[in-house]
Amino acid sequence: MKLQGILAPLTTPFAVEGSVALDKLRDNVARYNRTPLIGYVAIGSTGESVLLTSGEADQVWNAIRESAAADKILIAGTGMESTGETIARCRRAAAIGYHAVLVKTPHYFKSGMTAEALEKHYRSVADASPIPVFLYNIPQNTGISMSADLVARLATHPNISGIKESSGNVPLLAEIIQSTPADFQALAGSASAVLGALSIGAAGAILGLACFLPELCSDIYTAWRAGDSASAKEIQLSVLPASRKIVAELGPAGVKYAMDRAGYYGGPPRPPLLPLTDAQKQTVDAALSTLLPAAAAARDSLH
Amino acid sequence: MKLQGILAPLTTPFAVEGSVALDKLRDNVARYNRTPLIGYVAIGSTGESVLLTSGEADQVWNAIRESAAADKILIAGTGMESTGETIARCRRAAAIGYHAVLVKTPHYFKSGMTAEALEKHYRSVADASPIPVFLYNIPQNTGISMSADLVARLATHPNISGIKESSGNVPLLAEIIQSTPADFQALAGSASAVLGALSIGAAGAILGLACFLPELCSDIYTAWRAGDSASAKEIQLSVLPASRKIVAELGPAGVKYAMDRAGYYGGPPRPPLLPLTDAQKQTVDAALSTLLPAAAAARDSLH
Amino acid sequence: MKLQGILAPLTTPFAVEGSVALDKLRDNVARYNRTPLIGYVAIGSTGESVLLTSGEADQVWNAIRESAAADKILIAGTGMESTGETIARCRRAAAIGYHAVLVKTPHYFKSGMTAEALEKHYRSVADASPIPVFLYNIPQNTGISMSADLVARLATHPNISGIKESSGNVPLLAEIIQSTPADFQALAGSASAVLGALSIGAAGAILGLACFLPELCSDIYTAWRAGDSASAKEIQLSVLPASRKIVAELGPAGVKYAMDRAGYYGGPPRPPLLPLTDAQKQTVDAALSTLLPAAAAARDSLH
Amino acid sequence: MKLQGILAPLTTPFAVEGSVALDKLRDNVARYNRTPLIGYVAIGSTGESVLLTSGEADQVWNAIRESAAADKILIAGTGMESTGETIARCRRAAAIGYHAVLVKTPHYFKSGMTAEALEKHYRSVADASPIPVFLYNIPQNTGISMSADLVARLATHPNISGIKESSGNVPLLAEIIQSTPADFQALAGSASAVLGALSIGAAGAILGLACFLPELCSDIYTAWRAGDSASAKEIQLSVLPASRKIVAELGPAGVKYAMDRAGYYGGPPRPPLLPLTDAQKQTVDAALSTLLPAAAAARDSLH
């Protein structure tokens, strides 16, 4: 499985009264199926994974599996604090038909999450998971970061296929690429770092920004692969304000509002996440003002 | 309900094969019943709350409820990332017979956990909880900290009774005491800060150290309340190495090993937490070498 | 030399055009001479040490030395990034007549400031300094913190007499006290932590708050030593908002404005520090509104 | 002045007894003159700026000015905590013949270094400096970071020409490039981020690694400019271990030892920086084992 391209970490739609809106999710997936995205992450951070019950996770995984086009790569977010529960979720995702799992670092017991503890956790998960494991480093949420040395050790496990690095730490990603085999897939997890990551050998990216700008995100990758570094740079720079102000600063609530503006169903986040204030909505609108027309043009040029 | 004294955040015993060992838990509680501890926290951080399933939490709450002596105050740790799930757990704990709940800050979406979001979360929980709510600030695990201003606003809610501050931040605790009503109960959550906290008006403390040194922890409180500041200081200083090296640095695995040494059932932590290495065990043994005899003497003097 | 009581880290007055206003400094010292302060720190952080030239430092040290009452303990801030320059300044301060030096951790090369490097630095300084050395831990400015283990090793040096800990970390101060000889003097460096520090054995404190509230700061100490823990607590709590909002958040500019309000000469800070905005001045005024009358009452009761 | 290429931040050689070894400095510069480096930074962080007296700084600036080849761009590090002293140093560097100055953020008073204070500091410096100013962001040493918004405001000043960003924060550098005029020169300050930075529009780089691997550092730039992204990536990846283990982790002491190994004069750092231990030297030797031959080959191919 080669993740050469851009994937979106799908949001989990909620109805007004708070339940998971599976119909809205299927509608979104149907529309993403017509974009150049190469796949989806189901229940990652942007999917508000930590706010869902175990039963809801199954429903979401099933709904995405059923509505995804056949050519899309499907990755399930299965990382929990407990090694045992993480393994249980990997098995369920595999049974539903996912191609791989994305496992964020456990992090609550920060002083206990030594390199040794993380290595044992990931080896246990990879031993038990029926499908390939991608590591997931997201220190802005977890407060811990894996070192390149640890990732290099884990990359020797036959069922660990790559890593998503979401903090925009290009030097760390470069060190990971330098110290792992050529088939270990390093993925950017921040739209503000995607071109920098590609330049030092990243395979692709999983981008919250792709939930509402899938075409532009894919265009960065396509231009880069075509050797058109000037166009890649131009598009990369153009999406930076949206990446910071919407995805990084406003999180799932911001991504969902931007999806509403881009013609998808975003809807409200689940508490304790707050919906955007009017001032925040205006910030998003301003950041999108030139991007949505550019995205429409990119979409038209595809068809 | 007045929390004037020391409570222990009980560990969750696991059998060798990994399941919750309810019999061992009941045995531990029976022994704690004979100590000066004024109560127990069931499924806090030291109880490995984030590693338990929802069903296991119910089992642990029930077992502690059933085996606790009638005069012990029972507090259930119910804080989850989701506001809704937190409320559901508060209701279950109340139904089981707990006297109050301890609700840690949600924290995964750090950029979204603004003062406004945290205030709304806690007000929603306090509105719905049938039993009083204690706030829980533990930035060394969560990566976020509540300000005294936020706590002061929350202290106006009739169902929010106090706060546990676990980072040893005595100035913050002092500011909280200064800006809240006299009946708002500020509790230290770190044994290394307990006397400092009492000196500026803390009501009591919830201490991981009390899981294996309940008598000495209680002695700090008792000496202080009796006006014997010299003895209080002497005992406080004596427990510092154990507090840092066992509780702060080794976490639940360290607390459990120390419990084994002190005659309780500690047992293994649940993965990804690792059991202690031999070198770590020696560190614990050294830190306990003079404290366990002192604790035995304290115990004898009680009877 | 026993630092049992409260010292003030004197501000460095500047004239409107920017030069050091030595006359204003002498006037301030003359007034402090009539307070219960036991001594002064000349050119500490609050004295804007990093903004003064080497020649200006000498002028300030001389002016304070000449105007201080005979019973006041005089400590010179001499810590520089370079070990050699720190030693040179210790010698100059000793030659001028200072009783001790306060040496903050070098910190610019953070990855190089290992425990070993800091230990060698302080040993070199203590070997060469003609007068006793006090360590100075101020992580909120330096970004690094000494461990209790390092301090315990340094406390064995015959010319290292104590430490000022300015971050309000009461557990760290307690560990230092627990692991150093009884004559090693641990000093609080934050007014928000002073009573907590005294309760676990601190000798005294060096407080920016004492630049404008010397009587109230001294009252906390006096009440505590007299065994009146209730009064000590009451005064401690009363100064918390001023300590945080003026000293911690506004720094030397805030302290200087508060001094202007309290009848001392504060004057402007040196750029890049900015003078207070009108809104900031109102915050200070509000924080002082009840404290200045209380200080006046305390002053009257002394005479 | 266009900084399109790689500059080295020269180390300051010390003799065994501790004084500045100007002859060794001149010898080093004579050798750098024969490399593809486009210029030198005199007394930056790698030059142990904070450990030099004001008089030594003048000596170093003069020695480098006198020994540099005519085609090399000369930048003086002049940033001090005080705005006034920073300006004085800018004027001296200009009088000596430097082309530009590099001014790191003042940072000791962290709570006072608001965006407003930093903006006023830099505007005052740029107003007074006879030569163009480059901003300098190095949060790993200073503990503070400028935002892209602040840099964009400062970029409107006619005498502020660019920025060196030393933390490897490629997303921040990209945001700076996106929000400043095309002639504002963004420079990478970390060898681990140089290719990522070039890919999003950086003009060049100032690299501690270039002190001992000037040819390889320049090769990354040259390959990139020639459109040979594969070679650029290969060289970038090859230098990562040396960049992290020598420059980032061991600082000036590591750079100096590596210079000794590469045929330059490195010599000892100034205390409190410690010379390398034997184990650290072995780490450096290992990191250099394949790079020095590669550098020699690159050097041969130039001649």
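All chains are identified by letter, namely A, B, C and D, in their written order; residue positions are counted from 1 within each chain.
The rule is short, and it goes like this: contacts are C-beta pairs under 8 Å (C-beta built on N, C-alpha and C of every residue); 3 or more make two chains touch, one makes a residue touch a chain.
In this text the structure is predicted, and so the values were computed from the model without any measurement.
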item: Shared chain contacts [subunit A and subunit D, defined touch]; value: none
item: From subunit D, the most remote chain by mean C-alpha position; value: B
item: Same or different residue numbers at the subunit C/subunit D copy interface, by half rule; value: same
item: Length of the line joining the C-alpha centres of subunit B and subunit D, rounded to whole Å; value: 49
item: Distance between chain centroids, defined by C-alpha means - subunit A, subunit B (Å); value: 36
item: Residue numbers of subunit B (touch at least two other chains); value: none
item: Pairs of chains found to touch, sorted by chain label; value: A-B, A-D, B-C, C-D
item: Of subunit B, residues touching subunit C in the complex; value: 168-171, 174-175, 177-178, 190, 192-193, 195-201, 227, 229, 232-233, 236-238, 240-241, 243-244
item: Complex interface listing, subunit A residues touching subunit B; value: 18, 45, 50-54, 81-85, 106, 108-114, 116-118, 120-121, 124, 140-143, 248-253, 270-274
